[in-house]
Each structure stands twice: as C-alpha cells, then as structure tokens.
Amino acid sequence: MGQKHIAETRLKVRFAETDMMGIAHHANYLVYFEVGRITLSNELGAPYAELEKAGFSLAVSEVQLRYKTPAVFDQELTILAWMEKLGSRGLTIAYEVLDAASRDSLVTGATRLICVDRDGQVRRIPPFWFDAMQKGLGE
Amino acid sequence: MGQKHIAETRLKVRFAETDMMGIAHHANYLVYFEVGRITLSNELGAPYAELEKAGFSLAVSEVQLRYKTPAVFDQELTILAWMEKLGSRGLTIAYEVLDAASRDSLVTGATRLICVDRDGQVRRIPPFWFDAMQKGLGE
Amino acid sequence: MGQKHIAETRLKVRFAETDMMGIAHHANYLVYFEVGRITLSNELGAPYAELEKAGFSLAVSEVQLRYKTPAVFDQELTILAWMEKLGSRGLTIAYEVLDAASRDSLVTGATRLICVDRDGQVRRIPPFWFDAMQKGLGE
Amino acid sequence: MGQKHIAETRLKVRFAETDMMGIAHHANYLVYFEVGRITLSNELGAPYAELEKAGFSLAVSEVQLRYKTPAVFDQELTILAWMEKLGSRGLTIAYEVLDAASRDSLVTGATRLICVDRDGQVRRIPPFWFDAMQKGLGE
C-alpha cells in the first residue's frame, strides 16, 4: 500500500491579483487550486493536455473554499493538491494553500470534476488517465 | 412582515472570461457573485463604499459553488443575490446565475463574509450598515 | 458620405478589478477595450461569433494604451470604440474610456487585429464581415 | 561602465489565462510584464514594497505591446525585463516574452511608469529607490 501523492507548487502573489483591501482577491485561489491540480496530474503522469487530446475535458461541478488568513502581494505560497476521491466519471481534488516559508495554512478547499466529451456529455474517464490518477490515491 | 429582497444584475460573458474549453472559466462566477452582492447592498441603501469609509471591510471566509450548465461568450446572464443570514459580526449571501433570456439556472452558490477592521480584527458590523442590510431579510 | 460609427458600452469597475493601489488595475483596460470592440461589431451587424463560426479569428497584433486618470471601484465608465483603419487582412480599432457621468477622458488606446484561420495563418477578412465593418468607417 | 541588468522570470501559462481561441489571452501579458518588473526591482535591491512603504507608487502611464506568436496552456515562458530610461519622476521598462525552451520571441513591449504620492500627485522618485534602479541601466 502506497502513500497518497501530494503535489506542491510554488508561486508568488502577483500585484494584479491584489484588490483594494490590499490582499490577494479571494477568486484567485480557484486559479491557484487549478495550478496545483495541473502539477498533480503532471506529476502522476496524467497531463491534462493528454486528456484534452483524447477528446475529454474535466468540467468543474462543485467547489468549496475556506479562507483563514489573507495572502499579500509578493508573498510566496505553496499550493498542496491531492486526490480525495476517484470515480469512473469524476474525481475530487483537495487543496491547501500555505505560506511557503512558515507553512502556515491560509486557505483550504476542494473541487469536484466531471469527465465530459466535446459535446459536454458525461463520460467515463479514459483508462490511461484513470490508471495514472489512481496511483495518486496511494491505496 | 416583508419579503426577502432579491437583487438582479445583468452582465454579458466577456471574451477574456472564456477559457480554452470555450466556456466562461469557473473562477469568474466568484466575480459575478461579488458584482451581484454589490448590487444587493447598493439597493438596500448600504453601499459597500460606506462601510469601507467607516473603517470596515467584509472578508470572505467561506464559499460554495455548484455548476450545472456552462455559460458561453457574449451570453447574457442574470445574477440573483439575496441575504441568507445576518449576524452581528458576519453575513451569508446566496446567489443564482441564470441565463437572462430563458432564466434557466446555471450556477448556484453562497459566500460567508466576516466584518473586520483595518487591522483584520473581527468586529461588529456598524449599526447603520447592519440595519440597512437587515431590511433585505424581509422578516 | 456617412459618419464614423462610435459604439458606447457602459460598465462599472468591479471590486475584483481593483488592486492594492485602490484603483482599477491597468491590465483591465484591455478587457474593457475588448468589451467595447464586441459592442462595435455587434452594432455594425458583424458579430464576432459569426466570424468564428466561419472559421476565422481576429488575433491581436499590437496594442497601445495611454492612462490619464485612474478609475476606482464602482465607478461607472463609458467605453467608446470605433474603426480607425480597415484593410483586407486586418483592422485597427481605437478606444476612449470616459467617466460615464462627467465624460472626462480617463484612458485612450488602440488595438491592431489580424484575421487568421484555425491554423493561425493570416487570411483575408471574409466579405460578409468586411462589408459590415466597413460601414463603421462612415466614408 | 557596467552592463544593463536583464531580469529573467519563469512562469507557465495557466489554464485560467487561456481564452476560447485556445491561447493565452492578450491582456495577460501586461500581468506577465508586471511580474517581470517586480523581479527586476527586487534583483536591483529596490523592492516595490519599499517604495510603497515610503508613501509612493508607480502609476502606469503608457503601454505598448507587440504580439508575434501566441503562447498556449502550460507553455513555460521566460519574461525578460530591463530598464530602458530612468528620469527623476518616472521610468520606462522594456520586456520580451520568450518560449523558455527555444527562447523564441513571442511578445515585446514597454511600460512607462510615473512616481506618485498617496494623493496621486507626481513626485520625484525617492533617492534610495532611484539609486538602486540606476544600477540597472549599467551605464
């Protein structure tokens, strides 16, 4: 039995991502999550681009976010992303955004994704991609 | 006993808001929700700018979104926003994004907001703003 | 000889568009210009979606912006957009962003666009779209 | 006489930055330029945050961009940024966006920045920041 794969991505809060409250605007964390998700699937050998080439997309169907501490301009962040659930037609990925230096937790969340074809119809995740992502569960 | 106030805002999906899946990127709905929230507080006579001038901000502490049908470029949307809960230190606002023409529901969600002062400390919502928002509950 | 068509679009600066300087971040004006450009082509009977359906896109090849006065949160803006030049393979559109109430000029600019096919090859603008846009020159 | 300092920043095109043309939306390059500019001032020992703390901001007054080749999702880019001109009240920074692997040039541009105080009045760049940035000119 293996261990759950946790992907880490480093990024810095961009000036354009701040708002007039002087902090990273809350919508940006969905973009940070997505960046973390791409790292995760790349690290598991299941690049998102391959899925797209095979005619499939992952549509976001649900999102939860919990904000604890705001991030500020030029702050270095670490985005953790890992597989929470993997089903035949969809998956749930969980995230934690940390201050890169202190590893204090700033934001947590999860996104549920559904596999769809080019007509937007729900489809089974193709085996090559499913098998690679399954390794991330570490079970 | 009055009725709950539901604010409606119209907007069109911008080209810059689309992604390579050909749909409005899912992070934009947090921005659309925020636009709806500003309309709601303006309509209730509690402009967000007044709160800011008084030294307070509303920090987003939690968000949920459920995506049913994707919106596409130049599609006209109606953003519904209404008060769900109002407490002394925070409030919950709920949203529904509709196709403006058919009024089909595309996305639903809610945000929990906490009143903070300029040092980020949790504070009571000032009475002038609380009272105005309370009318939105229609109770 | 007709008059040059100037399209007007109204929009309000969104909270998410502000930055920690308390103003609309300068990159947003390219998005505002694009919104104005879509209004212009819609008003001239040459919707951008029709061009896309015919297999063509307009790729931005050059941009200039001049910023005079910053816009702030919730400020209502008027985006003016008009045809500056129309060639067989490309066009230049000019813009002016005004405060909607005072009509003071805040930002001016122009974008040069090139017609490309789905492989990114430069192509002649299809006649149905060219003819519609030509009316906008008012010559 | 030293050499002009050219700052290099690496980044990957995010999914959220793509548009329905399947490429990085053209407005993102202003954000990439800004990221490169922050790296440049950090490397020259003139962090932007220090300027802000001293009560000054750099307001963007002019921008030019020239787009040659579009960047796509997950493409690794190198942002080059260097001082073009430094005056007592403002500066011009130039940029080139390269494909990180081939170093092919994708986009070039420049931004003119003006030093302003908290009331938006044009001011002399404070000496500590001016002197640090001057080293970047390599003259």
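Here the chain labels run A, B, C and D in written order, and each chain numbers its own residues starting at 1.
In the analysis below, contacts are C-beta pairs under 8 Å (C-beta built on N, C-alpha and C of every residue); 3 or more make two chains touch, one makes a residue touch a chain.
Keep in mind the model is a prediction, meaning the values are calculated, not measured.
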{"item": "Shared interface numbering between chain B and chain A [over half = same, under half = different]", "value": "same"}
{"item": "More contacts between chains, C-D or B-C", "value": "C-D"}
{"item": "Chain centre separation in whole Å, for chain C relative to chain A (CA means)", "value": "34"}
{"item": "Chain centre separation in whole Å, for chain D relative to chain C (CA means)", "value": "24"}
{"item": "Separation of mean Cα positions, chain C and chain B [Å, integer]", "value": "28"}
{"item": "Shared-contact residues (touching 2 or more other chains) in chain D", "value": "15-16, 27, 30-31, 34, 73"}
{"item": "Category of the chain touch graph - line, ring, star, complete, other", "value": "complete"}
{"item": "Complex contact set, residues of chain C against chain A", "value": "15-16, 18-20, 22-23, 25, 27, 73"}
{"item": "Chain A - residues contacting chain D, complex", "value": "14-16, 30-31, 34-35, 38, 47-49, 73-74"}
{"item": "Chain C residues within the chain D interface of the complex", "value": "21, 26-28, 30-31, 34, 57, 59-67, 70, 120"}
